[in-house]
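Shared between the two complexes below is chain A, which has chain B as its partner in the first and chain C in the second.
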Partner chain A sequence: MADEALFQFLHSEIIQYVNSVESGESENGRCVSKLESMGFRVGQGLIERFTKDTPRFKDELDFMKFICKDFWTSVFKKQIDNLRTNHQGIYVLQDNKFRLLSQLSSGKQYLEHAPKFLAFTCGLVRGALSNLGVKSIVTAEVSVMPACKFQVMIQKM
Partner chain B sequence: MADEALFQFLHSEIIQYVNSVESGESENGRCVSKLESMGFRVGQGLIERFTKDTPRFKDELDFMKFICKDFWTSVFKKQIDNLRTNHQGIYVLQDNKFRLLSQLSSGKQYLEHAPKFLAFTCGLVRGALSNLGVKSIVTAEVSVMPACKFQVMIQKM
Partner chain C sequence: MSRQSNRATDSKKMNSELFTLTYGALVTQLCKDYENDEEVNKQLDKMGYNIGVRLIEDFLARSSVGRCHDFRETADVIAKVAFKMYLGITPSVTNWSPAGDEFSLILESNPLVDFVELPDNHSNLVYSSLLCGVLRGALEMVQMAVDVRFAQDTLRGDSVTEIRMKFIKRIEENLPAGDE
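Moving on to the complex of A and B:
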C-alpha cells in the first residue's frame, strides 16, 4: 500500500512539473510526449527485471498476456480487466479502474486532462514491448473515468 | 522487488529531466531545490497514509524513530542503520547502503553528483516531519558511497 502511494505521488509530481516546464503553444502535446518518453525508459528497465526468471515467450499474444497480468500487477496492483485483439497486431487492454486516474474526479470536465495521466503508462507499455523486441504504437482513451483503454498497435518489421 | 525498481527508475528519470531543464548559471542549486520540493510534497502525502492507524507520538524522538523505522522501510525497504541525536534538536540518520545511491559507481569522481540523488529524500523527510507539525532543515552528506548521513535540524517555534 505504501509503495502504491509512493508511485502515485511521484507520478503526480512529475506530471505537475513537466506540465509547468513544457509550456507554450503546443504545451499539452510536448508535456504528453515528454511523459511518454520517461515511461518508455522506465518500461524498458522494468521489463528486464521482471523477465529475468521468466521462460521464453511463445508469441506476440504471450507477450501481451504477460503485460496484462504480471507486469500490470507489479506496477498497478491489479490485472488488466479485459484483453481483446483482432489477431492482426492490434490489442486493446481495458482497465476498469485505472489507478493513476482514480485520484481524479470522475466529472466530465476533467476528461481533457486525462492524456497527461495516461502518457507515462503508454510509454511504459511501449518500452516494455520494445525490450521484448516488439515495436509498437500505444495510445490511450478514456470515456468514463477511471476506466480506460490502451490500444497497442504492433509494428511489423 | 518490482516496486523498488519502479521507484528507482522513476527517481532517476526525474533527476535526469529536472537536471536537463534547470540549466544555467546556478544549475546544480536549482535542480537540487526543485527535487527537494518534490520530495517535500511526496513526504507530506506519504506520512498521512502511513500514520493513519498509528498511535499518537509522544515526542520528537518518537517521531524520528518512526521515520527511521516504519517510514524508511516503506520507502527504501530497509531501516536507517544508525540514529544519533544531541538531544537539542539535531538528529543524524545514517544509512550505510542508501538505495538511491546504490546505482552509482562508488568512485570518488561521482561524489559531486551525490547531492542530486539525495535532494528528493531530504525533501521527503522534511515533508513528513512538517505534516507531523515539526519544522526542520534536512541536509545530506556522503563520504563513501553508497553510505550517507541525513542531518535533521529541528526548528524551534
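Moving on to the complex of A and C:
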C-alpha cells in the first residue's frame, strides 16, 4: 500500500521532468497537456478498479457526488469542500486546501506555476469520468493557494 | 451495508494503485521521449535520486529511528521501516558479503509492477529503476555513498526481485570554507 507522500514526491518530480523536456515559448501549454494526458490514463485505470463492485450511478449528479466524495477522499484524503452546478452539465468543484498545491505556496507566490500542479488532477478527473461513460472537459483555476476550483463541463454526445 | 467496509479497504487499495498507475504513466512517457531503454533507466534513476533526497527528511520526521551505527542496522531500517512505511512491503535482508559491505533486499512482491508486463522490444528496461535512485539519494543525505542495482527482476523472468546494495564510503560532512 503506497504512501501518500510517495505519490506527492513522484508528482512533483514528474512536473520537473516534463518542464525540463518542454522548453520553449509555448512551454507551459505543452507541459500542461502532457501532464493532463498522463493524468487521464491514470484516472481511467483508477476508476475501473474502484467502481468494480459499486452499483450503477443513477444520474449525472450522482457520479459527480461520487467524484467529490469517494474518489477525492481516496486520492487526496479529503472530500471536495463545495460542489456547485447549473444543472445543465457544468460543475464546479472547490477544494479549499488542495494537497498538491499546499507544498507549492499559500497565497499568491508562484501562481504562474500552479497550472502545472493542477494539470495531472484535471486529467485524472477527465479520465475517471471517461471510463464512467462520460465525455467532459476539465479545467482548473486558482487565485489564492492552496484553494482551487475544478470546472467540469459534461459534453452531451 | 457491506458497501461501507468495501469502501474502506478499496480506499487504501486505490491509494497504492494511484502510485503504481502514475509510475506506469511516467515510464510510458519516458519510453516515448527516449530512444533506448538505457536512457530511460538513467532518467528514472535520476528522478528517483531527486525524490530520495527529499524523502529521507519525511522519513526521519515520521519514524522515530535514530542514527544507524553500522551498515547492518541501516539495512534493517531500510527493509523493516522504510519499505513498510512507503510501499507497505517488508523485503528480507540476505546475502551479506563477507566484508559486511554488501547485501541484498529480496522483494516477494513489488507494488510498482502490479499490472505491468514488459513488451519484447523493451527487454533492457529496468522498470523499477526509480527505487535505486531513491535509495541512493536518501542514503547520500545521511552521509552514505552506496551503489544500488537490481540483481533480479520479476518483470524480466526471475522468480523474485532482488536489489543489491553496496556500501562505497562514508561522505564527510562538508563544512563551508572558512569554518575551522
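We take it that the second predicted complex is superposed on the first by the 153 of 157 C-alpha atoms of A that agree within 3 Å, B and C clash if a C-alpha of one lies under 4 Å from a C-alpha of the other, contacts with A are read in each partner's own complex, and residues count from 1 in each chain.
By our rule, a residue touches a chain if its C-beta (ideal position, glycine included) is under 8 Å from a C-beta of that chain, and two chains touch if they have at least 3 such contacts.
Just so we're clear, the structure is a prediction, and the values are computed from it rather than from any experiment.
The wider contact with chain A, measured as residues touched, comes from C rather than the other of chain B and chain C. Once the two complexes are overlaid on the shared chain, A:144 sits clear of chain B and of chain C alike. Within the superposed three-chain model, A:53 lies in touch with chain C and out of touch with chain B [touch as defined at top]. By the touch criterion defined above, A:61 reaches neither chain B nor chain C. In the three-chain superposition model, chain A touches both chain B and chain C at residues 1-3, 5-7, 9-11, 13-14, 17-18, 21, 34, 38, 41-42, 45-46, 49-50, 74-75. Residue ranges of chain B in contact with chain A, taken from their complex: 1-3, 5-7, 9-11, 13-14, 17-18, 21, 34, 38, 41-42, 45-46, 49-50, 74-75. The part of chain A that touches chain C in the complex is made up of residues 1-7, 9-11, 13-14, 16-18, 21, 34, 38-39, 41-42, 45-46, 49-50, 53-54, 70, 73-75, 120.
Within the complex, the chain C residues that touch chain A are 3, 6-7, 10-26, 28-29, 33, 43, 47, 50-51, 54-55, 58, 85-88, 111, 115, 130.
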